[in-house]
Each structure stands twice: as C-alpha cells, then as structure tokens.
Amino acid sequence: MTKTVAFFGLGHMGAPMSFNLLKAGFQVKGYDPVGASLDSAGSRGVEVCTTPHQTVVGADFIVSMLPHSAAVESLYLHEEKLLDQIAPDTLVIDCSTISATSARHLLAAARDKGLHAIEAPVSGGVAGAVAGTLSFMCGGDSHDVERAREILRHMGVNIFHAGPAGSGQTAKICNNMLLAIHMIGTAEALQLGVDNGLDPKVLTEIISKSSGANWSLQTYNPYPGVMENVPASNQYAGGFMVKLMCKDLGLAQRAATDSKSYTPLGSLARNLYGIHNLAGSGELDFSSIQQLFQLK
Amino acid sequence: MTKTVAFFGLGHMGAPMSFNLLKAGFQVKGYDPVGASLDSAGSRGVEVCTTPHQTVVGADFIVSMLPHSAAVESLYLHEEKLLDQIAPDTLVIDCSTISATSARHLLAAARDKGLHAIEAPVSGGVAGAVAGTLSFMCGGDSHDVERAREILRHMGVNIFHAGPAGSGQTAKICNNMLLAIHMIGTAEALQLGVDNGLDPKVLTEIISKSSGANWSLQTYNPYPGVMENVPASNQYAGGFMVKLMCKDLGLAQRAATDSKSYTPLGSLARNLYGIHNLAGSGELDFSSIQQLFQLK
Amino acid sequence: MTKTVAFFGLGHMGAPMSFNLLKAGFQVKGYDPVGASLDSAGSRGVEVCTTPHQTVVGADFIVSMLPHSAAVESLYLHEEKLLDQIAPDTLVIDCSTISATSARHLLAAARDKGLHAIEAPVSGGVAGAVAGTLSFMCGGDSHDVERAREILRHMGVNIFHAGPAGSGQTAKICNNMLLAIHMIGTAEALQLGVDNGLDPKVLTEIISKSSGANWSLQTYNPYPGVMENVPASNQYAGGFMVKLMCKDLGLAQRAATDSKSYTPLGSLARNLYGIHNLAGSGELDFSSIQQLFQLK
Amino acid sequence: MTKTVAFFGLGHMGAPMSFNLLKAGFQVKGYDPVGASLDSAGSRGVEVCTTPHQTVVGADFIVSMLPHSAAVESLYLHEEKLLDQIAPDTLVIDCSTISATSARHLLAAARDKGLHAIEAPVSGGVAGAVAGTLSFMCGGDSHDVERAREILRHMGVNIFHAGPAGSGQTAKICNNMLLAIHMIGTAEALQLGVDNGLDPKVLTEIISKSSGANWSLQTYNPYPGVMENVPASNQYAGGFMVKLMCKDLGLAQRAATDSKSYTPLGSLARNLYGIHNLAGSGELDFSSIQQLFQLK
C-alpha cells in the first residue's frame, strides 16, 4: 500500500529529495511559500498543496527542509501551529539545519502533544540531494529514528543516530566546523607550497598519502586545476555556497558560547569565511577561500 | 657486493632507520656525538666510528638525521666541513627537518664541489622509523632522487620527489602545518560535541563518514578512549612530541614570512601548540592538544 | 525630602554601590537571596528586606545589579514578576551586564506596562564601585537617562547615554572586547620584548609614549613589577576576574553572531581567556593572561 | 662650527628628516640611488653626492634611512663596504627598520673596526618626519646614544634608549605589533557597535573614557567621519601604508619565531593585514583595515 509523505520546502535541496521519494514509489504532497518552487515540483509529480494544513492530511511522514530556525518554528509552533494538526501516528522529520536549542524545543513540543518527531539535518549538498547520497545526522528517540529509515534510505546512504534531541544538529555543526577548518588549512598549505615553488598537484599527491590527508584536499581540492569536476576547476561555481558555510559556522559559534566550549580555529574559520563573504564571494563555492590567500 | 652507508645521528629516529638498513643487508657505519646512542647502535650491528671523517670513508651513501639546521650546517659546512671529505660518487641524503633555505644552501654547496646531495625529510614518526614505513619528501635532481631509492625503500614506503632543492622541506612543513590544523580542529570539534552531550565515539564515526573526515580523526584520534593503540588512550605518551610539532610549525611560519604567504590557521596552530608547550606538555604526544580544551 | 532606592543584588559590586547612595543621603532598601550579603549590607545601614515585593514599596528608584540575564528576567518578568508591583513613577535602572537582546526585552516589557526603565551596565570594577568612580553606559529614553543621573552620579563619574534600549549593553561589550584585545596584545608585546632581552619597564615607557599606547599598558600593566598597585604586582589577586571577562567576551561573540559581524581578534580573545580559565585561572585578575605566554 | 651629516636614503621619510637637519644649521650631504629623490633633495639645499664614499668624507654623523635589511647590509658591509671608509670619530646612526639580528650584526661589525654605531628606528610616519616629531628607539652603547641626541632632537621629540644592540628594533616591532592589534581591535569594536545600531562617534567617546581606550581609537580613528584630519576621513589616503605595516608585522613574527615567543593576536594581525594587502589595499593607510569588516 502506497505511503504518503508531506514535504515542506521544495528549494534546491528539498525538491530533489522529494523527487527521490517519488521515484521510490511514495506519494508526495508538497508545500512551499515560493510559487515557482511549488509549480516546478508539481510538474515533476509532487501533489501541489496550497496550505500547510492541507498538506499534512493523510500523511504517514512529514519532511521539512527549511532555511532557518525561524521558518521551522513558524511552521510547527507559531504562525501555522502545524503540531496541532498532525495525526498521532504521523512521523515528523525535520531535515533543516537549525540550532540544537531550537531542535530540542521542537521535539519537546511534539512529545508534549503525544507526537513523534526527530531532527535529521543532512550533509552532502545539492549534488548529494540529487543523487540520493545524503548523510542524515538524526537526533531523537531510537524507535523514531528506526522508523524514519523507511524514507531516509531513499534520499541518502548514511543514516546516523547521533543521540537524543539536539544531537543531530550538534553532530552536523561539529562536522561542518571541522570541514571549514581543513578546507581553509588546505588552501593555506597549498598556497604556501606554491609560493615556494611547488606544483600544487605534486603537493596534493604527497600530502594525500601523508598525515595531512583530509577530505577537502583529497576529494574537493580548492586549488584550481588540481582536480577535475570540482568547483575550484569551474570558477568556484556551484557546490556549497560561502554564505551557507557562514550560517553553519555561526550556529557552531553560538553552540560553543552556550556550552562554554572553546574553538579557536573554529572561531577564526567563521571570521575568515565572513570576511570572504563581505568581500562579495557569498554565492561562490566554499572552496573559493583559496582566493583569500592570493593576489587579486 | 655489499654497499656501505655512513649514518649520522642515531637518536630516536636515526637508530631504527639504520637498523632497517642493516636488516636489508647494507654495511652501516655510524656516528653520533652522544656516546650512549652510539654504543646502543653498536650493540645492534652498526660499525661505531669516532669521527665524522672516519665514518664517510668508503661510503656509497651518507644519511644524516639531525635535530636542526645548525647541526646540519656544522657537520657538512662549518666545523666538520664534511663536504670536503666526501668522494664524488657518494650520494648525500639529508633526512633532517631543517629550513628550506638551509637545505637549498647545502645542496648548492655540494653541487659547487661536484658532489651529489638531496634532501629527504621524513614523516611517520618513531613508529614509522621502526616499522620501515616512513614517507620521504625528497628535493633535488631527479637522477639523485632515483638513486636514493635503493636505500630509502628499506626505511620507508612512500618516496616522493617534491621538486628541486628546498621542495622536500617545503612539502614537509606544508604537510605538518596541515596536520597540526586538523588535529586541533578535530580536538575542538570533539570537545564541542562532548560538551553538548554527544558520545565522542559516535561523533567520530559520523564525521569519519562525512566531509569533516581527516587523518587525525580517523587514525590518530585525540579523544581518550575513542581508539585503542593511539597516544590519546595511553596518557598521550610516545608518538610525535609537542615540542617537535612546535619546531615544525616555527619552520612553516618562517617560510610563510619569507615568501609573504598568509596562513592564519597555521599561525594560530603554532601559537596554540606553543602555549601548550609552555604549560609543560612538551614531551607529550601532539594529540594532547585535546587537553587545552578541557577543564584541568 | 529623602528619596528611597530599592537595591537588588548586594554582592561585590552592588554592596559598595549601595553604600555610596547611603553616603549621599538616600534611604536604601536592599534585597539579596544570599543571606550573608544581605546581613552585611544591613550592618552598614541598608534597610534589609525579605522579599522583592517588600523592597520596592515606596521606592523612587530601583537599582538591580545581578549576575546574568536569567537572574534579571526572573526578578522582573518571570518568577517574581516585579514589573507588576512597581509604581508608575518609579524609575528602574538595571546595572547588570546582560545581553542586549535581554535588555531590549526588559525595557519593552516595562514600557508596555507604562513604566520607566533604563539599562546602565557599568565599567570600573570593584575598585570603581567602592570609590564611586564607575562609568555607566546607559541605554533607553533620554528623559529617563537624565532622571537617573540623580543617583548614578553618586556611584560613578561618567554617565554615558549610548542610545536606545540595548545600546548600553552593546557599548559595554564593545569596550570590554577591546579591553581584552589590548590586554592580551600588551602581554604578547611585553613578553616578546623580554624574550629578546628588553627590560619590561623600559619597553612599557617607550610604548606608552608611542603609537602602541593603550589603557592596559599604561594603567593596568600585566607584567609583574612594572607598576605598583596593580594586580600583576600582587600575584594577580583582586581586580576583574578571568571568569567574568570570559562572560563578557561570550556576550560579545553572541552579539557578533546575531548581527553577522566579524571580530577575528575578539573571537580569539574569547578563546584565549577561555583556555586560561580552563587551566585553573578563573579567579585571577584578567591581566594574568601574561602567564599564558610564560614557561610554567 | 658647522657640523656635517651624511644622509643615506632620501625618500618619503629620509627627505623631510634631512630638511629638518638643514633647518637646524647642519651641513647635509646626501645620497640616494634614485636620481629623482636625490635631485629633489638637492633643490632643497642638500649637497648632492654621486657615490656613498664621497658622501661620508668629512662627516661628523652618518644617518641611514633605508627600506630593508638587504639595503643596509649592502651599504655598510657588502657591496659598498662603507664601514671601511668611515673615520673613527664619525657616529653612524641607522634609522632603518630592519631585523634585530641584522642590526646586532651591523653594530658588532662596526665595533670590530673601532667605529661607533647605533640603531635608531623611528615611529611617527611621514607626518612626524615632516613635523620633526618622530620617536627614536635607540639601541647600542649609552655614550653613543647620548651623542646622537645632538642631531636626533632636531628630527624628533622622543629619544628612547631601549638597551644594547638590537633593542631598538625590538622595541619598534613590539610597538608596531601592539599598534596593529589595537587598530584592528578598534575597527572590530566600532563595526560591532554600528552593526548593532550605535553611532560610531558616541561609541568612540564612551570607549575613549573607559578601559578600552587606546591610541588608534583616540587619535587615529579608523571609522570614516568620526574624526577630522585622519586618513579614515580622507578615503584612507596618506599615513602609514598597509604594505609597510605588513613588513613590520613580518619582522615581529620572525623575531617571535626565533625567540620561541608566542603572540597569537600579533600573528593573526599579520595575517589580516596580509589578506587586506593581497586584496589590493597595500597603498592605503593602515586604518583602512576597517573595510575588511564591511560589506564591499
């Protein structure tokens, strides 16, 4: 029997995720406040809904992929009060990247109403959303996370259970903070090598087989020409935008301040990406941080 | 016919490297100003020499593994003037980690005297030296680097030719700077996760399969208890000492200043390791930087 | 005719502030949840009250000097709901250092109830509180700030009107962030000089008359022995504690994250003070950051 | 009886310094490898010389104001070997900003030849050179420094004796490092305030009377419009150029590496000025670092 998914947020990430659910045989009802996004999804087979409340009627799962905490809270708690409309056997899966505090608040509110909800922020970007190879970093009750696998496995390949409510968001920002750090570090190391006469390809090959090895260097190299098929070899177009990295690094710093944790490199990474963003690079891929270390 | 290697510097790194040459069938003549090191090597089969000049007589290869530029320059150029004693068909291989400037100077001086010399700084630490799994980052003429493989392959598994004189040292410091950056970043990310309720093992597993993946996290995890058989699970004993990382980060910063390169995370890494060193952690493994982010 | 001040928070800062009001001829009614603080203030002439509500009866002014946002919100808005007990002609002056967001929230809530309230965080520390030489950085309506001068002038010498609600707190954290930066910078510069053979007194004298001049160097020198009567010459006892600087730097970073502002030195200052705090220096004066750069 | 000064380096700094000596009644013989600089000085009364050797004939004092260590060493030690041409009763005063190592080397070489030499790097910039209000940070023997006052007092107002050879350069870079730190810190604090709704003039006034006070904020404010007659209110034209600050911060980092000193804020300051320089701001005044924190 066909199951139904109510999908909120059909933008760059949400749209291809919903298409993968369609492809897997789910019925998908969609809502997005941006008309063009909604129409576009409709033309691919998503059942277009005109109100949030209409969207959730008869849904087995609700998936939301929204840009920030305020949008999530508006949908579920404040303006739309969607938690008041959801049937008890529906599972809510919020895939948005929001603060851990906000995620904990949402899951607690759902539980208070006898509902089931988990957080499941993703990593993998638009390319991963299209290919169905996202990683989901889930937080919430084990039973609910297990149940979510039924649909998450059609949108991604790694489904992690990080811990209780808030843990998924925390894992996400820890990962992205570390990603930003080794991306900047890789850019610094390659530039230092080049400025001293090394070939960036040779240096990449050496470090890849040595203790400096990391994901940025080996699969997403920021130096133009070292790798094909990465943003660095395509004028830093596409990929994961600088302004989105700034958002995630801001969430990491907020968490660090709240928990009295100290992250000197993580803090500096936020500031360097921020300076890069202010200089007009917000829409470029985040590996464009290489340019910060080169003569304009 | 047995070939002979003259080995200078029989300390924590040099001694096991020389033993691997013995095991491979080379005759090894050794010299070290520290009597105990020399005696210890002698008891393992190294032919003990009492002067540098005596050591190089009849040598096909000269290998030096010394602690700093001053020691290298003293041996080859100034006090001992060893370059004046070396036969033209001997190949000099300096494995010390010194400044690129100093390495270029040595290789040029050798060339001026009609000699053959390369730089070949290593990565892999004492464990790699013992196991014969070091990486060598060679700089110099291709022909000389090829010739060096005859002995380097018995001490290590990766033999890279980074480029002309100085390139090996540059590759080494670029690698170690990047290593320091993702080690500190990994420690920050794990602590931020733990401070927010995550299990460091679970977080390590998640990030290892995500974009934050890096060598420090995956093979040398700094959080006690996450991995067995790493210094973090043995009170940070052994491994690559904080004071040696400080030395390498100083070399990286000197190079960055000379080439007008900018490495904000690399500079901060030097300062954080320096602060850790001043606080009394110089002899600990460099993954002990985790402690900087924890309540004493 | 004698005016009455209701004073909340009679700790290290609040107590001497209240005594200066007594000295100026005001009647002071005091409340503090810590019995010892309350008794001590009582022995100096403060009229001891046992509930917040009792304290504000008949008050012309209310002054609160509390440790954090939660305490302020608990008093005025949530647990004690003091805003519901205050007469319309009473002026509320909150001197606590809290987030600008929290301050705006309090002042808006007061205004909604037809009350008058300003924020007036201070700088100058315990010494300034005792001597009556504090600076007040006020935020709120001009008329209310003018009215507050009647009592603030007995506790401090500079009474600034920074702007509307939230501006006082913002000015305070901008000042303290800049203070932390030049205190650390001064410690770094003095240590660099000493490590290169200079006398810290001579170096202090030179920089004091040059472009590096700043308040930390000239009036609160962190190098032991350079100045008399500063914490550095008294084992860093007393003064403005490291843990309080950590709190203020956390507020600055929270504000920077919220407003998408970038403060690389300010962020690093928070992390360095945090590392110093974790190492066990939380109770020392903040000029003890000098120790971070010295061999233990 | 008129005394004679041989002046080397008649650029932006050296030229106005030499004119102040002329005005004070000294005979000034000048040399500069740039013909236009030499001619321009000649038209103001400096006696034009065509070789270094000719310049020092009959000189009571030699003053050099050169751009870097290499130029100083070339003049006195290597190419021109000027130390071999100088009469024993001539006092050499090198005002160039060079490394402490290089300065120690020069003074030792002079002493070995029975000559008298001091280092006397300056602070105060072109404006101070023109106005005769420079600060001199002298290193060398007390007697020589005393003797130098006869001419230094006509070019500056503060003449400090920092200590033995190298101390003057060290004091200079400590000062300039601290200057860079509080300039960046001031720019960060003002931007954070403005981004949160404060008027930068009001905020400047408040911090100037509080513990955040420093030279950058109070006399050289980087926020456009806060002060008249500073570069910030003139499109950051003139003043002390970003590329020169980069040079001084590089010298500070080199010294810190050599002496195993740790300067996290000083290191970050070098990197931020370097990034600003790479982005095309090298010729702007150093207070333009404000722009790094603003949307382009």
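Chains: A, B, C and D, in written order; residue numbering restarts at 1 for each.
Definition applied: a residue touches a chain if its C-beta (ideal position, glycine included) is under 8 Å from a C-beta of that chain, and two chains touch if they have at least 3 such contacts.
In this text, all values refer to a predicted model and were calculated from it rather than measured experimentally.
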If you apply the touch rule, which chains end up adjacent to both chain B and chain D? A, C
Quick one: point me to the chain whose Cα centre is farthest from that of chain C. B
Expressed in whole Å, how far the mean CA point of chain A lies from that of chain D is 50
Compute the distance, rounded to whole Å, between the mean C-alpha positions of chain A and chain B. 39
Touching two or more other chains - residue numbers and ranges from chain C: 260, 262-264, 268, 272, 275, 278, 292-293
Which stretch or stretches of chain A touch chain C in the complex? 246, 250, 253-254, 257, 260, 262-264, 267-268, 270-272, 274-275, 278
The residues of chain C that touch chain B in their complex are 268, 275, 278-280, 292-296
In their shared complex, chain D is touched by residues of chain C numbered 100, 123-124, 135, 137, 158, 160-164, 166-167, 170-171, 173-179, 181-182, 184-186, 188-193, 195-199, 202-203, 205-207, 209-217, 220, 252, 255-256, 259-266, 268-269, 272, 292-293
